[in-house]
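You will see subunit A twice below: alongside subunit B first, and alongside subunit C after that.
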Partner chain A sequence: MTSKKQNQLAIGALYGIAGLVVLILLALLGYILVSGMPKLSWHFLTSPAKAFLSGGGVGIQLFNSFYLLILAMLISFPIALGAAIYLYEYAKDNWVTATIRTAIEILSSLPSVVVGLFGFLFFVVKLRLGFSILSGAFALTFFNLPLLTRSIEDSLRTISDVQREGGLALGLSRWETVTRVILPAAVPSILTGVILSAGRVFGEAAALIYTAGQSAPALNFADWNPFNISSPLNPMRPAETLAVHIWKINSEGIMPDAKAISSGSSAVLVLAILLFNFAARYLGKRLYKRLTSA
Partner chain B sequence: MKATQQLEQQLKRRSKAAKLEIWGRVVSFSALLLIVAVVVAIIGFVASKGIATFTSNHVNLWDFLTGKQWNPNITDANGKPEVGALPMIVGSFLITILSALVATPFAIGTAVFMNEISPNKGAKILQPVTELLVGIPSVVYGFIGLSVVVPVTRAIFGGSGFGILSGTCVLFVMILPTVTSMSADALKSVPRYYREASLALGATQWQTIYKVVLRAATPGLMTAVVFGMARAFGEALAVQMVIGNAALMPNSLVSPSSTLTSVLTTGIGNTVMGSLQNNALWSLALVLLLMSLIFNLIIRLIGRKGRLQ
Partner chain C sequence: MSKEILTTQDLHLYYGDKEALKGINLNFDEKGITALIGPSGCGKSTYLRTLNRMNDLIPNVTITGTIKFKDQNLYSPSADTVEIRKEIGMVFQQPNPFPFSIYDNVIYGLRIAGEKDKEKLDAVVEKSLRQAAVWDEVKDHLHESALALSGGQQQRVCIARVLAVSPEIILLDEPTSALDPVSSSQIEATLLNLRNDYTIIIVTHNLQQASRIADRTAFFMNGELIEVDQTKNIFMNPAKKQTEDYISGRFG
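The block that comes next holds the complex of A and B.
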């Protein structure tokens, strides 16, 4: 075979492979959306789940997912921000920094089920928080910290050193340079990173089944006192999220319409992730335009 | 005299800005320390629980790793509990290696297509789609496996449809986007003049791809594949939903079996803290943790080797 023929053959094969992959991925997305869309309705999104009968919704699970997401983000964002600032702006290039970086890498590569089990052992059992939103939020924090730290550090890296030199030359301390000059410039890309990691946290289930629990007690949406047990804001109640719900009803669900509910929930999850993705891109661009003169 | 002393004191005192600087340094460093503490705590806690099977329940480590019977509730003829983890370890490795074997050619092929053959279509179609799919939650993959892959396997091979094969299919699709986008990054970092030099020597495009670009990107591609394997090895729920959850040695690809993660997700809630049954599960978690550390080490070694060249 001449090398020319070989070339044509190989490139044809690559076209085939790429086409096949696109087909698989689009079929996957299409299947989720097409099979789940018919189920989506206001009733499905707002009413509580039913254990034995069909016609239940995912209202409480959806609320739990968002509440856990917000709590986890509130805890993990300041920590990740601080860590990223130190790593990029202060840390010297020595073995201590290298060790810390390795530790962060290890944390990001740990299977989420291991993080969940640790959360179960430490928060649920040792600190006696029980299966609660708080335990779940801490587990999600651990899961989220390395990703968020890395993405914020990457955002800081995109800010040119001229800005740092400018700040220092004006007599600002390093910390002031970071908070007054670097961070405002990095806000758009930090925000993009935060929203993208929010998407990952939103769909996480393995870290939650033994921390936030697998049950969704009825909530009274008129009661916003966080100390009442039926209040949606109570952080000590068990909270099954949407992703955990899909897993739960597929492995031990007994309602007759488990499959339809899972399709609907999967579609909601995927749509939420899509929304996070688009929001990240849109807001990032928009903020960049507003905050800089570009 | 007094006035000069006061002035001296004023000048020697830390300024507000300097105090702020120290404060900022301390706060940001403690955030970093907190993350390190979390890592140490996770490894420490899981290790101390996982070792208990061998120290307080006196299970032989070798028996644990090579035993084929997983029945923590039952003691065998010698009065020892049946905690052989081999079926789960084999299941985990089998499913990881198979899914990586299937995914690698597809992922690298797609990455080459995106980067070398049709960068336009790559940037417009392939990249957004893969980026989006990286973010799809694993339970969704598991649910699709359960409602599509398992029935198809059942129809073709008979049996229940649950097993390693279904798990491999699900994991293949799951790690495909990750490995593809990481491979694409690896190819992107190959300098443009490598390609130009090769083409100028009269090589065809395929020869350039095969003999120059892929060779130069090998460390990065290997990292991508190992990263995908680590993800497959640690994936819990998607696998648990389609593998059948029978703690038996897998004797065929379509018989129900189990992995470390699937036994953990189903078992931890049904055992009593501190009991042998529970400790044995923590030992499985420890194996999982050690494997993830090993994957991490491999990725580092590849990275170091790539840098030396």
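The block that comes next holds the complex of A and C.
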């Protein structure tokens, strides 16, 4: 076989494989959206779920998902940022950092159900936080931290060393170089990483089943005092999220329209994550332009 | 005879076990341009980077000997690298403007030092960019990204950025080797412009460049300083055989 033929064959095969991946993806997305779309309505998105009757919505679950996401990000982002800055900008290459990196790697491949069970034993039982948003947020932090740290470290790596030298040679301290030169330059890529990991967190179910719980008590959306039990902001209430809701109605849902609700919820989940992805790209680009040319 | 601003005595530098600088004694007078020349790997860039402690960033480097900037030992334990680098600025081979606007690039050092007065900052930006001979080309888009400039303009903005923190000494590490000939000659003109106000030390591979702009030239080989003299003497009438061989292109 001539090398030209080989080349054509290889290209053909690669196109085929890539096409297959796209096809599977489109089929999956298409199926979820087509079967879920008919259920989508303002009523479905805003009304509470019903346990036995048809016509329930996912309003509370949707709110819970976002609230948990925000809390989990608020906790995990500063820690991940600090860890990434330490690992990439300060730490020397020795066995300590190698150990930390390996630990992060292992932690990031931990099955989320294990994270969930750990969260249950530690936060729910040991620290007596109960099935609550806080327990869920902590469990999600554990789930998210290694991935986010890695992604922020990668963002820092994309900033060339000549920038660091430039900052230091100007009489900036190491810290000033990191905070005033490197981080602003890395913000768009960090933001993209954050939003993409937000998508993962948003769709996470296994880590939350035993921590944030599987019930969504009625909320009073007129009451924003976080200390009231029916307030949406109360972090100590149990909070079933959208992804957990899907899992639950598929395994033990007894409402007549369980299947439709599950399809609708899946569509909402997928749409939200798609939205995160597009937002990540758009914001990343906008921010980069904003930051780099004032 | 003007005053010596920077002196090095018996400077040795090791990368691990390898001795890269083998006892350099070299002093610099205030103002004027000194060129460091020599074949690749001779230690001239390494030497330049010891002068504002940029070698600190490389692991496994050991340095012995003394470098004094105005009687202050740069390598004494109490020396503050941040302060040193404000006095001894550096321009690199690859133009490295920060990914911000031209204006922000130039005032970066000052802004971080806490200067907020807009008028003063504006004045510094104009003065520095004028000194770096790039003002006319960029004055109408100061608030656009510095990354959009050509390589030569970027390099002059980098020089302006160093000038804005008003250092006494400017180190340049092959500042034109990544640039085209026209940009290179603009950088050279810029440096000639600055020679009366700053002490400039430049590493260059380009012998013509050294002969065009430098008042003094130092020739390095194999980690040793072979010879240093007025540029004219080095090129017309070198004292050492190795210098003559190098200048006349017999090696390197």
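To be clear about the criterion, the second predicted complex is superposed on the first by the 270 of 294 C-alpha atoms of A that agree within 3 Å, B and C clash if a C-alpha of one lies under 4 Å from a C-alpha of the other, contacts with A are read in each partner's own complex, and residues count from 1 in each chain.
The rule is short, and it goes like this: a contact is a pair of C-beta atoms (placed from the backbone, for glycine too) under 8 Å apart; a residue touches a chain by one contact, two chains touch by 3 or more.
These numbers were taken from a predicted model, which means no experiment stands behind them.
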With the two structures laid over each other on chain A, which partner does A:Val162 touch: subunit B (first), subunit C (second), both, or neither?
-> second
Figure out whether A:Arg180 sits in contact with subunit B (first) or subunit C (second), or with both, or with neither.
-> second
More subunit A residues in contact - subunit B or subunit C = B
Report for A:Asn7: first if it touches subunit B alone, second if subunit C alone, otherwise both or neither.
-> first
Is A:Leu170 touching the first partner subunit B, the second partner subunit C, both, or neither of them?
-> second
Mind working out whether A:Ile104 is in touch with subunit B, subunit C, both or neither, as first, second, both or neither?
-> first
After lining up the shared chain so the two structures overlap, which partner does A:Ala222 touch, if you call subunit B first and subunit C second: first, second, both or neither?
-> neither
Pick out the shared contact residues on subunit A: the ones touching subunit B in one complex and subunit C in the other.
-> 172-173, 176
Contacts from subunit A onto subunit C in the complex sit at residues 92-93, 160, 162-173, 176, 180-181, 184-185, 291-294
So in the complex, which bits of subunit B are touching subunit A?
-> 17-18, 20-21, 23-25, 27-32, 34-36, 38-43, 45-46, 49, 105-107, 109-110, 112-114, 117-118, 125-126, 129-133, 135-140, 142-144, 146-148, 173, 176-177, 180, 204-207, 209-210, 230, 233-237, 240-241, 261, 264-266, 268-269, 273, 282, 285, 288-289, 292-293, 295-296, 300
Could you please specify the touching residues of subunit C with respect to subunit A in the complex?
-> 52, 54, 57, 59, 81-87, 89-92, 94, 96-101, 103-104, 108-109, 112, 143-145, 147-148, 158, 161-162, 165
Note which residues of subunit A are touching subunit B in the complex, please.
-> 3-4, 6-7, 10-11, 13-15, 17-18, 20-22, 24-26, 28-29, 31-32, 35, 78-83, 85-87, 89-90, 100, 102-107, 109-115, 117-118, 120-122, 125, 142, 145-146, 149, 172-176, 178-179, 196, 199-200, 202-206, 209-210, 214, 243-244, 246-247, 250-251, 259, 262-263, 266, 269-270, 273-274, 276-277
